Amino acid sequence: MIDKIVESAAAAVADIQDGASVMIGGFGTAGMPDQLIDALIDRGVGDLTIINNNAGNGETGVAALIKAGRVKKIICSFPRQSDSHHFDAAYRAGQIELELVPQGNLAARIQAAGAGLGAIFTPTGFGTLLAEGKETRTIDGVDYVLEYPIKADFALIKAQSGDRWGNLIYRKTARNFGPIMAMAATTTIAQVSHVVDLGAIDPEIVVTPGIFVQRVVQIASTTNHALAA
Amino acid sequence: MNRMTRDQMAARVAKDIPEGAYVNLGIGLPTKVANYLPVERDIFLQSENGLLGMGPAPAPGEEDWELINAGKQAVTLLAGGCFFHHADSFAMMRGGHLDICVLGAFQVSVGGDLANWHTGEPGAIPAVGGAMDLAIGAKQTFVMMDLLTKQGESKLVEACTYPLTGLGCVSRVYTDVAVFDVGAQGASVIEMVDGLSIEELRRLTGVPLAYAAQPQVA
Amino acid sequence: MIDKIVESAAAAVADIQDGASVMIGGFGTAGMPDQLIDALIDRGVGDLTIINNNAGNGETGVAALIKAGRVKKIICSFPRQSDSHHFDAAYRAGQIELELVPQGNLAARIQAAGAGLGAIFTPTGFGTLLAEGKETRTIDGVDYVLEYPIKADFALIKAQSGDRWGNLIYRKTARNFGPIMAMAATTTIAQVSHVVDLGAIDPEIVVTPGIFVQRVVQIASTTNHALAA
Amino acid sequence: MNRMTRDQMAARVAKDIPEGAYVNLGIGLPTKVANYLPVERDIFLQSENGLLGMGPAPAPGEEDWELINAGKQAVTLLAGGCFFHHADSFAMMRGGHLDICVLGAFQVSVGGDLANWHTGEPGAIPAVGGAMDLAIGAKQTFVMMDLLTKQGESKLVEACTYPLTGLGCVSRVYTDVAVFDVGAQGASVIEMVDGLSIEELRRLTGVPLAYAAQPQVA
């Protein structure tokens, strides 16, 4: 019997090592797998490359990981926010490397990794600083930049419900990067608000098929919906 | 001359959004446009973090922080709206499915180049978000901005001096004193506020401006 | 008020012209929008370029369109089947052009079109006849072929339920190419078994958001589930 | 020598599929493997037309022709199975998420090249389906085939003469008389049927075959 449910966040992240690349779901705080990140901080590993849309908000999640000094590099689209002070400080101190990627290219590159493509020609960013030094091509009169897939050793994501085969459904805009990160990481770990029986999720509405998920851990969601962004 | 308020600008943009349009309203000033879309018109608001059919802000205390817009404000979903993941969301833009996006700007060139993501100042931490995808993805990109900076410099320029967001992507610019079309043909004045003359507008902007015989008064 | 529901299959296809490119959903007969195809045949237009996984089965759907002599070219992955006699005859007679595409490249190229990519490097087909003459590149030690998007003027697809904004859900493996073809065509026309009220489809389970669908027509589905493949 | 039946071959392949594997069984002979997967083992069958967690054929009269496999046969879905569209389905293959696919073949080379989609005969109508995606996408590609053609020619060859499906993609070949590993190191015999010798196998195939001291009897 295959049972991908693990008992705790600590057990779920126990094999993440120094230097790992880790995708982290969430857009702002919606869909941020806070408890998995806390477990990762508790593990004490560093030199991590983090892929997330932002570079942390306030004191929790990616912000806490950066504050703890565990992040060598971040690949994201929107680091600077009103509450990104931990990233800002680390960046200005030269303690963290930033690869800034337009949000749609971030999504497309993650999706390309999950789908096994070698590279994609995307129109976004052509002629801008973020395409400097990159290969470009004009196809049917439109200018494109060649961008490469972004994959990762691990993805930490948050979903609403999951079963022992790893099937996931999400909640509202907490879905965001979860489904594509699950496809692009070698090991995907989902924290879910509810573990449900096999077959309890209608096969028509599964968003992330279990093939993309290696571990599921149930974390009570009481606080998350009420948290301010 | 009667500068338009931000609400007047938002109302003016809203006038140009037809029924049935799929629209993304950028963070900041463009968000206000939603307040002026007539409720009897079916207009579909998209937010790049994965929702279509965005409704108004919830009542205070009713916020659900897993139902937010790209500006990370709590929103609601209309009946007929739906959720999707980030790759599908940006496919909507890049694939040309969105009709209109409305963005703020630091500068727009008469040729339609947009600069709205980075001041280029040393020490500034850049953040781009979805701006580059929106700018080049939507069928029409509208910009909303004050015509002049606080220092009195025109933000409608011959060529952008700030780092670009996209090339030739803007079609219309709504400012506090005039509305312009921009693009391969250069800039032309569509409307001016009461009390402003085309000569004064040319002086303020310092760029060549085509001028319809009878521009509409906003 | 936006209402994408049209009254008949004939009305739904009334602007498809000679020479149009038309994606047609379905894998075999599952998800094949038979009544839209019948309406297209009745319209009498020809020189069509058809994009479908197959080249028709038996006497209905794409097979009927080919039999009627309306198809100039077909882009598909699996034309030859036990019941593809109408295609076989037209092909042997030199009356139809075939572009054979590996099934996954077909899906990826359709998805690339819907997502606005200019081209993709895919590993599928490298070193085979189907990549002859195509640009190739080795990226991180893997060999890829450069493939271009496939878009179309129209997509004819079949879904289970739709509403007046064009939101769609599908049924079982009849989903297949529907969601990606809807994204890749200028005008997507969906035949649905049920037109439902706005809001009747849970926003979490919409598979094709209405932005990708221009017309919806209700066709009673009584026969389709019972039809043999 | 005791040639294996097709059912024996299917049972032999099934033995090599571990619990938890994500597997695609190709059209034709490989489909039979499903009958020999122990029910107590959770093995996930994928079909490229958009389902994962495929169950056995339905009872006659219970067919739902919108629930079919890639061979267009009516199937069922297990509890925990799900549906998805074609792009996601082939992402499962191309992205390396499938552990094993089992395919039929016209020829396999000792280096693992596969030819299984086209005889190359003049007048033959080619059809490729998902074969090329499966061949190069799954982590391991197994082939099931008779060792010899009806004319007695070996289908395990030095170099394929039929048009290729994929280069160096096959790792193991299950035939009616022997099981081989193939790849960059060439072909080696893993098992032979009772009554077959390595010398005879070398003669039948005409290709160099490495040979473990004590190959297992199937």
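Order of writing sets the chain letters: A, B, C and D. Residues in each chain are counted from 1.
As a convention for this text, a residue touches a chain if its C-beta (ideal position, glycine included) is under 8 Å from a C-beta of that chain, and two chains touch if they have at least 3 such contacts.
These figures come from a predicted structure and were not determined experimentally.
Here A-B and A-D were compared by C-beta pairs in contact; the pair with more is A-B.
Most remote chain with respect to subunit B, judged by CA-atom centres, is D. Rounded to whole angstrom units, the spacing between the C-alpha centres of subunit A and subunit C is 33. Mean C-alpha position of subunit C lies 29 Å from that of subunit D.
Once the centre of each chain is set as its mean CA position, subunit A and subunit D turn out to be 35 Å apart. Counting partners per residue, subunit C has 108, 111, 115-117, 122-123, 170-172, 204 as the residues that reach two or more other chains. Taken residue by residue, subunit B touches two or more other chains at 77, 83-84, 87, 90, 93-94, 137, whereas all remaining positions touch fewer. Going by the touch rule set out above, the chain pairs that meet are A-B, A-C, A-D, B-C, C-D. For subunit D in complex with subunit C, the residues that touch the partner chain are 47-51, 63-68, 72-74, 77, 83-87, 89-90, 93-94, 118, 123, 125-133, 136-137, 163-167. Residue ranges of subunit A in contact with subunit B, taken from their complex: 27-31, 53, 77-81, 87-88, 91-92, 98, 100-108, 110-111, 122-130, 143, 170-180, 207, 224-229.
For subunit A in complex with subunit D, the residues that touch the partner chain are 1-2, 111, 113-117, 163-165, 167, 183-184, 198-199, 201, 203-204, 206, 209-212.
Touching subunit A in their complex are the following residues of subunit D: 19-20, 22, 40, 42, 44, 46, 52-53, 77, 79-84, 87-88, 90-98, 137. Here subunit C touches subunit A in the complex through residues 108, 112, 115-123, 137, 139-140, 142, 144, 148, 169-172, 202, 204-205, going by the rule given at the top.
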